[in-house]
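These are the structures, in structure tokens.
The same subunit A turns up in both complexes below, where it pairs with subunit B and then with subunit C.
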Partner chain A sequence: MVAIPLFRTLQQRRVAEDVVLLAPQLLLYVGLTLLPFLVALPMLFTNQTNFQHTHPDYIGFENFTRIFTDPIVSREYVDALRRTVVFTVLNYLMVYVFGLSLALLIYEVGFQSAFFTVVYLPMMASALAVGWMADMLFSQSTGTINLILKELGFQRLVDINQPSGVAIILPILTGWRWAGFNMAIFLSGLLSIPTETIEASIVDGASYWQRLVKIYFPQMVPSFIIATVFCLIGSFGIFDEAIALGALIGNQEARFLAILFFIYAFTGNKLALSVTMALQTFVPLVVVAVLLQRLQRRLEYH
Partner chain B sequence: MSKQQLSRREFLRLSALAAAGATVAHWGLADAYAASQPMDALTRQAPLAEPVTLDVVHDAPEYDNPYRQIFDLFEDENPGVKINLLSHSEDGQPAYAAKIAGGYCPAMETLSAIYNQTRITAENYQNYVDLSTIDYPYWDLITFDAKNSWTEMYGLPGPRMLSPFLGWVNTWCYHVDLMEKAGLDPRKNVKTWDDLLLWLDEGTKWAKSPDSGVEYFWDQGWLPDWFGTSITMDHIPLAFPDGQRDRQVACWTGQVKFNAPDSPYRHVFEFFKMAYDKGWIPRQFWTREWETDMEATYSAKKAAVQLHGPWIWDKAVATDATAQQLGFPSTPPAEGQTQWMQWISDLEIDSSPSALAFVIRSCNEQSPNYPLVKQLFIWWHSPDIVRLRSEALGAVPAMKIDPPPDIKAPQYLGIVKEIDTPGGLYENVKYEVRPSGESVMAAKRIPGSPGVWDYESGNNAKYWADLMEGKITVQEVLDMAQKNWEISYQLD
Partner chain C sequence: MPSGRTGRITSDTRGGWTASISRRKLLFKIVATWFMVIYSIATIFPFYVLFIRTFVSTKEASTLHLWLPPSQEIHLDAQIGNVAVFYNLDLRQVKKDLGIKGYVAPRDTLRDIAEKNNISLDTIRDYFNRYGIFTGWITLTSGSEFWSALVRSLIIIAVSLVGICFLSILTGSALAGLRRRYQTTIYNLYLLEMVIPPMLIVVPQFVMVQYLQGLLPGTDQPGLTRWVVQILTVILIFIKGGAFSTMVFTAAIGAIPREIEESSQIDGANRWQYIRHILMPLLKVPIATVVVILMPDFWNRFLEPYVYLDQANTTVLPLIQGFAGKYSTNFQVIFTGVFISLLPLVIVYLIFRRWFIRGVMAGAVKG
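== the complex of A and B ==
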């Protein structure tokens, strides 16, 4: 009897090996992301109110249209969307303020690994802790910053329950927390720039600003796009920080989309509607992410 | 810097190692966690043959210490049984709900462990054991019909929850030394609604004076359910002849409109609007955080007065053990009202506003430990243990207990014991113990609807803010309430 190898060719063996290596991660992704998504799909067509609703009724596509036909749902969604978009724009700005600035600093000046550690440390803090930190700093009566401002005679305090307060404080804190992550993205982009192009520009007498705009940034477009995609995903999913800012106990200005979906699902007895709205928000974001990825491929500097 | 490229093979190898490591770590943690959980039906072990752990979950972490001491008694009486006491507060409720959805089955839990405003309704009653089947022997000792009230309300077999306690009381409370400094004595001088308004006005003027040392006379923060449930909405109208409980219920049952000219709920909004316009409560109070702003200022004696339940009294004492506090009933009678009524939260029949009502989840019925679970539940609701719970938490029992509990809680000593008690300072003040309109109509609520005051989603902050800032009128708020009632309740 002759033993027949399972994988005859080297190519087949390599594919098999790749599959085996990929299997654990794939299992996790399928089991924790795709499978729950598929299991939740039937819920979209029911009136399930919460996890304890044992026998929901089939209602067809009503959940999908409520976002447009129900004035209360529509208004709440639009308000949450507006806040989320504003936060996304400001957070995107912080990506460059913190991330790009630090990357340029490291690239040009050069720092030891201790600096990396310091910059990365905020990422170790949970988002909830960051939100509570904002609460401790900016509560009306007991916030440290506001107490200092009062001592200094300021009448106008920083209020995290006001639109301006949340709009200013939250992006700054989020930008600070993710500074290390964004810095790494931009630093990798800087490090991939051929040094000859930089040296040539210096020889040609280009100023630093000209080098940035004409040499660095065009060759960093892939990094910008990656940072944009991550920022988009993270901003639309902002949740923990908003919880700590009181989104569930009255701070209307912290009601971002993820919070709205959460409230609908867990306290508003609208679980099925919440999941549907999340899907309706998620699909356009996926389209945007795919378009950005294609743009990245087109704009890669060769 | 030299370019090093990671080959696809290496990348996949590294990814697989990372994922495998994470998975092994997860399994390891899961095993350790599972070992601490009560055995499920699959193990088929005989009760008490080996040590048994029963999980008890509640949503009031401030009660952990007294509960732990009381459950230690059960462990002493039942060798081989361990009570694993777990708690979380409001921010932990969603995670707990997800855990339950994932199959977690504690032996006993508070009804509000999943969500503060959970009601046992036709949609979810099957999640909880019918307590009429567990041979609880003390139904007759409970001073209201705890055994049949839920069944009468919903027409379904029950009851499914138990709380042999009276509701909690919301009164004015104040720091004695600050009130003396202000030159005010509400217990002596506030006998009518007009007296109350005058007291608030004079107190506010004092608080604004340079030498008061406080930031507010009456600090008020925001919680959606505080300004949407019976706590405030059915509370303030009790001062008025057309605001009594029977008229409130008439609105909820459709006999009177919420936006009628003589609607009892008009008084709530008119009172707070006046309080806001006159500066008695803080600017934009709907943006003041409940604990870190409002309760913190009172505990730190930066505010003299609160309109609150028992918790603020405890917190003030926790901040300063020497804090002297007193209180008085919250709604002295307005013109035309003869009886001074005091609001008290509803008896816990289908919901628990006080984190004192416990349930047995029906998944326990499949557990071999179910007899022990029933035993634990009956023990927890026996007269001797209810006495201990009452003394520990300051909650007044709705149970005939001999001897009665010796309650030392600050609010009880500061005001509750004086109300509706022979010889008490307010012996002629009566608790309004009839069920609120929201409770009466709970069985007819359409799931997912906003409810009259739309507080569950927190949307009430908007109309309260608009009213205070003059963007809408009281009538417009009541019109909204009527409209919400029409889309939220099914009378048939």
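== the complex of A and C ==
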């Protein structure tokens, strides 16, 4: 039998094979991540209230301006945005308080696999479980840490149900959960620094602080960017922890942006508005994250 | 490690200056060791407290318990209604277990019940003492609810992991090297997946999936079709998040010398045979990396199972969260649920900790 020359060159044949190999995952990815945006596009200009509401009216750009014009929506949005931004800033701080300092410690002391195992352990707990742990440890009357503090004679207790309690405790516990992950990112950045430069700086008598600022940090910029991107996306989308704190059953203090969008879409009869607000909020964030990713890849290649 | 190197440099010189350096190094070592010990204790503490709290009954919740509470004797003068609420008992089940035929008034004390039904007080006492500190564990593990949720979780995780590894290896083998323009474009498209917050797509995705499911007959009422379609939806959504696995496999396959593929071509192997018989056996370490990073991620994913699965047909985490509504005042049951939800993964993690550490460090390099 004579093979029919379907492809004129080997090159063409290879490209055709690539297409077949790429297709399954790409179809799934495009179909379930990018296609929904196209499907949702017409919805942005309607007053669709819930998933059963199939013939909504066309209302133009009203959904886009409602954040500014509707006083109730506006207040709920601003409250949720404020909580989310505060959480993001504090959580970003925790990336360095936990991740960077642990990485520097392990780098100086030498790799201890037992310690690494313990630091990474909280990553095995779900975000939901961490939310429940926050409740278990810091609830006003039943929290274990509060009970210990009371036993020790302290009067002022931490309370997870107060605005300040959520704002302080949640970033600390989230930072604790992600400590191992961030530590691995920073540690891999540290390990990629050529040892000659470090040795030279030690011979020249540089102090530890000088080494940190002049040698470690400049060469760890890609690690900083990766950690920033992960923290930015993760904290702005905080959801599971808030669910555990009762955000869906009335805890106002745990109403972060993602919770607000979820309530609007699934129980609040504001489906189209929810999708519009999610786009307005998250798209700028995604653009920033993509630019950071680009920057990081460019730095890695030079 | 650099500390060893500093040691070598300073040990060449003598004098007071180096003596002060080595004293400082010793001090640093001591402080660092203490810090690591304290950090480890602080990290394990919440897990330990959670374990203890699974045995602390709700009425004891506002007293401090740092170790296992003593088992409690049941009060025979307690009213059965209160006991049932307290220990999450199903009264019908209690009647069946104790062989009671007639009506049991909620206000009857346990002593009353013993007298009315001719049951010895010891039998009653033994029956209820069993619940004591183990209420949470008995409530969770006695019904089939938890076990079937566990099975569904395991099915979803196993199929998703196999699927994502297989598809990402195919993708990686087509993208390896990133030489052509379409290769970089597709690679960047996958990177985008990493920075999209789940809440941004979950609502449009839900609208679309609902529409597609509506096209299938038999999905509108409970039954096998609905079960399969829902589980499959979650699996497909897990598999499509292929940014991390695609990065790992693209890098790993790109690092394999081209000569291997060329020689296999000369021997007459086609592309699929090369992937199946040469590439896949070479990819054991990257596969382990992907599995140890994605397995906890899949196990701990809450949003998608919560949205797409019926509450009667859900995975472990949404089930546990559902307890918060069902047993809203019973912390013991909720904390036991949370503890059980993280126990399997923690056990796997501790057994395979070397693989986890290696995988995490390899994954961190890929970023």
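Just so it is clear, the second predicted complex is superposed on the first by the 260 of 302 C-alpha atoms of A that agree within 3 Å, B and C clash if a C-alpha of one lies under 4 Å from a C-alpha of the other, contacts with A are read in each partner's own complex, and residues count from 1 in each chain.
Going forward, a contact is a pair of C-beta atoms (placed from the backbone, for glycine too) under 8 Å apart; a residue touches a chain by one contact, two chains touch by 3 or more.
Worth saying up front: this structure is predicted, and the values here are computed from it rather than measured.
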First (subunit B), second (subunit C), both or neither touched by A:T49: first
Partner chain in contact with A:E76 - subunit B first, subunit C second, else both or neither: first
Partner chain in contact with A:Q210 - subunit B first, subunit C second, else both or neither: neither
Which of subunit B and subunit C A:Q12 touches, first, second, both or neither: neither
Which superposed partner A:I243 touches (first subunit B, second subunit C, both, neither): both
Partner chain in contact with A:S164 - subunit B first, subunit C second, else both or neither: neither
Which superposed partner A:A278 touches (first subunit B, second subunit C, both, neither): second
First (subunit B), second (subunit C), both or neither touched by A:T65: neither
Dominant contact partner of subunit A by residue count, subunit C or subunit B: C
Contacts of A:Q25 with subunit B and subunit C, given as first, second, both or neither: both
On subunit A, the residue positions that both subunit B and subunit C contact, one per complex: 17-18, 21-22, 24-25, 28, 51, 136, 141-142, 243, 246, 249, 262, 266
Subunit B to subunit A touching residues, read off their complex: 1, 8-9, 12-13, 15-16, 18-20, 22-23, 90-91, 93-94, 97-98, 100-101, 114-115, 117, 123-124, 126-127, 215, 222-224, 284, 286-290, 292-294, 296-297, 302, 447-448, 450, 456-459, 461-462
Interface residues, subunit A side, partner subunit B - complex: 14, 17-18, 20-25, 27-28, 47, 49-54, 72, 76, 135-136, 139-143, 159, 161-162, 191, 243, 246, 248-252, 255, 262-264, 266-270, 273
Subunit A residues touching subunit C - in the complex, by the definition given at the top: 15, 17-19, 21-22, 24-26, 28-29, 31-33, 35-37, 39-40, 43, 51, 102, 105, 107-113, 115-129, 132-133, 136-137, 141-142, 144, 147-148, 150-151, 176, 180-181, 184-185, 187-188, 192, 195, 198-199, 202-203, 222-223, 226, 229, 233, 236-237, 239-240, 243-244, 246, 249, 257-258, 261-262, 265-266, 271, 274-275, 278-279, 282-283, 285-286, 289-290, 293, 296
Contact set on subunit C toward subunit A in their complex: 1-6, 9, 28-29, 32-33, 35-36, 39-40, 43-44, 46-47, 49-50, 53, 61-66, 167-168, 170-171, 173-175, 180, 182-183, 186, 189-208, 210-211, 236-237, 239-240, 242, 246, 271, 275, 296, 299-300, 302-303, 307, 317, 320-321, 324-325, 331, 334-335, 338, 341-342, 345-346, 349-350, 353-354, 356-357, 360-361, 363-365, 367
